[in-house]
Amino acid sequence: MKSFKEKLTERVFLLIALSTLSVLALITVFIFIKGVPIIAKVGIINFVFGMKWAPSQGYYGIFPMIVGSVSVTLGAAIIGVPIAICCSIFLAEFAPAKLRNVFRPAIQLLAAIPSVVYGFWGVLFVVPMIRKFLGGPGLSILAGSIILGIMILPTIISITEVSLLALPRHYKDGALALGLTQWQTIHSLLLPAAKSGIVAAIILGLGRAIGETMAVIMVLGNAVALPQSILDPVRTLTTNIGIEMGYASGEHQQALFATGIVLFVIIMLLNASAQYITRKR
Amino acid sequence: MTQKSKIDIKGLNFYYEQKKVIKELNLEIPENRILGIFGPANSGITTLLRTLNRLSDLTAGARHEGEILLDGKNIFAPDVNLTELRRRVGMVFDVPTPLPMSIFDNVALGPRMGGLKSKTDLEEKVETSLRMSALWDDVKDRLDTPAARLSGGQQQRLCIARVLALEPEVILLDRPCSALDPISTAKIEESLVQLKEQYTIVIAPHTVQQAGRIADRVAFMLMGDLIEQGYTQEVFSFPKDKRTNDYLTGRFG
Amino acid sequence: MRMNANTSQKIAKFTIWAAALFVIAILFSIIAYILAKGIPMLSWEFLTDIPRDMGRSGGISSSIVGTLVVTAVAVIVATPFGIGTAIYLTEYTREGKITRIIRFSAESLAGIPSIVYGLFGFIFFVIYLNLGWSILSGGLTMAIMILPTIIRTSEEAIRTVPQLYREVGFSLGLTKLQVITRTVLPSALPGIVNGVILSIGRCVAETAAVILTAGSALRMPDSLLSPTRTMAVHFYILAREGISMDNAYGTAALLIILILLLNVGFNMLVNRFIAKGR
Amino acid sequence: MFDFCEDMKKGIVTCKLLKGIKVAGGAVILTLSMGLLSACSQAPESATIIAGSTSVQPYAEILAERYMALDPEAIIDIQGGGSSAGITATQTHSAGIGMSSRSLEDGEKDLWSVEIAKDGLAIIVNPANPIKNLTSDQIRDIYAASITDWSQVGGTKSKINIIAREEGSGTRSAFTELLMGKKEITPKAIVQDSNGAVRQLVADDPNAIGFISLGLVSDEVKALQLDGVEATRDNIMNNSYKLSRQFLFVTSGEPTGIQKSFIDFTLSPEGQKLLSKEGLIPSAEGEAK
């Protein structure tokens, strides 16, 4: 029999555990309460697909920013994912033990560097390089993609490495015993076997990229027009909030919360799909 | 049996989910003696020991039939206080399990959690327990060092001391020496023989020889069945059951 | 034409090594650059003086204090909730609907961008609870932000505690709560500390969420309701407004050093525990 | 490993949804009350909060720093938030003094306000850019993207990189008001969220054009003449350079106490000298004193 005290303790722990749920609910409720009125007023189609963002004139269309977020995130994935997967293969299969013990904390450190420092570094080195060698203002989708591509490395590397290391040892032994080279083993056996983990890692990395604010404010240029090329400046959903929140009031502020809602929904969809993929394993 | 029995197991059946691991077991455990229960792996011995202080409750899907009487009272009765039962029936595991704290705190943990607050009382209890498990001389100068720094044999004697500090009535030992070298094993066996003056000891020895060296009585289990029990000398010299004989002479196991 | 197996092996090996070295090079270049520019700025005066003239001169003591206190509030609030949740998930329940809900919530919280936390903290703590731009608003917002990290690392740490430890506890006559606090948590401590250190790093580095909740006031905070400007925010404003690049580098260098210390400190901690035979 | 929990089966798993909601509600209340509790346990001191325009903010910080040095008892907190937010905060009494870099609109006229200084707006380009002068029309056409190449205004042939401030910024609205007329700033313009960032970018990019506070113009960038008039303080004071705006302090009702003495300090010769040193143009009200 469980004593009353034990039951009470259990309830207390349950209550604590439900704090995550209640906080999530609070966040959802407050962001929605603040943002929904303006969406209702403008109309969801006009808000999401509107091409013009000019709060001072009452235009609240965030489509260019959705395009901005998507293009920068894709760019980050194109740059970051191959490097990240190489690095996790390096960690899981190639690195000598000594190097691994240096490399892993280094990746941790990469995750710990403040995003403003990344942004600053981008302004100092990446943006001028682009301006000099590729033309345009430098502040661009490309600059943002490079910075974000680096920033998502730790997320993707650590999760991919874990899913590579979680594979049964005999997969590798078996393949090597069949005379496959190390690389053949990795790309024909290990990578496919760890596929769901890698996909989840990439999705979480994309989530990080789409949610990053400070670094991209500094390197993206934040123009509210649809970009024509990767050298054009662009604004993302996060930077729209970050750059204008300081000044906004009234409807303008509501519109920024509404931008937050759109961001929130995108992130929740990404999370849910990452969780779904991991569960399915 | 002339000896007073401390524990009386009656018609015990034990299941994990659908699997029956102890079959219709009847066994009396004598007071102030060492009972060795031996047999090949998967005979249900560990389960039996874990049932005696109801640690088996922790395993999902475990259930039982029959009763186990401790001093005449069924430990499965609904009003049994588990905490108290486990204090009366202490357990030492097959690998040394020092907890991540100092030597002193390891031994003092049980009494402290049981409500003993006085520092001097605790110190006295720790010393007595460590003396009884023959560890005191090794560690008396470094009681506040982490227990993990002790050698394997010392760790296991620490675990015995930790159980002794609870002042239990019965001590269960599940292959306590399986991870130890012969010298450490000898020391522990020596302490056990001394301890039986005050305690009832049930040991699952890791070798038949160990049972021979220290047990007063032995029981042989096979696949969940109790095959044979009796005084150590009798069972070892003149096993009644062929399977016992086969096991003792090394035909299987 | 099929590539020869050995050639492909060589190319792959080269590429993978190159990628790894490239990443290290980037990391090194960022850190080295900031440190080279910033360390000469670090002086006793810089660390102990409050910012003067918008941060153009003087030091950053009020930012250091602000950063530490915001972080402390966040960690003090989030840690009990995080560990408590981890305990509930591992010790008190089996996998089922409730754990799924809790895990889903925690993982969702982990994915929410910091700017959204900033929006929430602003509307909830700053406006709704009327805490104003303050250390408390910033700290509580950060607490929510780091909660999932602490839950996940604590849960992982608790799961790796051998079942035997629990059995030892029970066999010593401990109650369930005593088993958890006396045997499980101490064994899980290194993992939990890891989570807390990761979270501290996250608080120290965060900009978007704190700028909207803790404000950007420069003066030395004197209560939890004072607004403050954390070091990351101070760096952002100094560098962005072009107020003083020297002081911006100094602030960034201090941030990087702090983060390096946290990481190194943690690794040493882990090694010490391993050395102790855990 | 996790299925070893004691007596768990009967417990929570069967917990009904209703109960769950009740518990979740409890957790919410717990969180809320925790916040409130911590709020109440800390008696806030009577800090005077000055909030509003981030253009005014740095100057207010300098004023407050000096003011607090003179009167150590006084505590003044400066917050950004933008002109509109600052005005709203003043109306709702959550800020003692509002800072505005735009003039008051209808519905805000009930507030008491005073001009603390004037700020010039400089049109800046990279020092390597040969252009020295642009007309108002040319600037308007550039920002409306009907002129897109420097060669169209007499420069070398290269695309113009337009840099603007963000929506809601007082600097942007002043620029729009004074120069753009009915036209809009092109959405293709790069947007930066501070004077410093605009200046940095123009300093780095030979093809860029931007606008910042006159006081923040440095050697790294070149301020253009507007319709042939040099962007200087004197030209602003004699009204020949037309790009300037007011910086206002607003209070709800006639200021009293610390608000009054801080505003008095701002308008005093010492306060005005501080602002002047930072590149602002002294307020007419200050000179009147």
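Worth pointing out:
As written, the chain order gives the labels A, B, C and D, with residue 1 at the start of each chain.
Note that in this section a residue touches a chain if its C-beta (ideal position, glycine included) is under 8 Å from a C-beta of that chain, and two chains touch if they have at least 3 such contacts.
Note that the structure is predicted; figures quoted are calculated from it, not measured.
Among the chains, the centre nearest to the mean of all shown protein C-alpha atoms is found for C. Per-pair tallies of C-beta contacts place A-C first.
Chain geometry summary: the mean Cα position of chain C and that of chain D are 30 Å apart. One finds 17 Å separating the Cα centroids of chain A and chain C. Per-chain Cα centroids separate chain B from chain C by 46 Å. Each chain gets a centre from the mean of its Cα atoms; for chain A and chain B, those two points are 55 Å apart.
Touching of two or more other chains is recorded for residues 91-94, 98, 101, 163, 166, 175-176, 240 of chain C.
The set of chain B residues that touch two or more partner chains comprises 58, 60.
Among all residues of chain D, those that touch two or more other chains are 3-9, 11-12, 20, 80, 193, 197, 200. Note for the complex: chain C touches chain D at residues 52-54, 77, 90-98, 101, 125, 129-133, 136, 140, 159, 163, 166, 176, 215-219, 222-227, 240-243. Within the complex formed with chain B, the residues of chain C that make contact are 94, 163-175, 178, 182-183, 186-187, 189, 276-278. Across the complex, chain A meets chain C through its residues 5-6, 9-10, 12-14, 16-21, 23-24, 26-27, 30-31, 34, 82-83, 86-87, 89-91, 94-95, 103, 105-110, 112-118, 120-121, 124, 150, 153, 180-184, 186-187, 204, 207, 210-214, 218, 238, 241-242, 245, 256-257, 260, 263-264, 267-268, 270-272, 274-275. Residues of chain B that touch chain C in their complex: 53, 55, 58, 60, 82-84, 86-87, 90-91, 93, 95, 97, 99-101, 109-110, 113-114, 146, 148-149, 159, 162-163, 166.
Of all residues in chain D, those touching chain A in their complex are 6-7, 11-12, 20, 23-28, 30-31, 54, 80-85, 88, 159, 161, 166-170, 173, 176, 184, 186-193, 197, 200-201, 204-205, 207-208.
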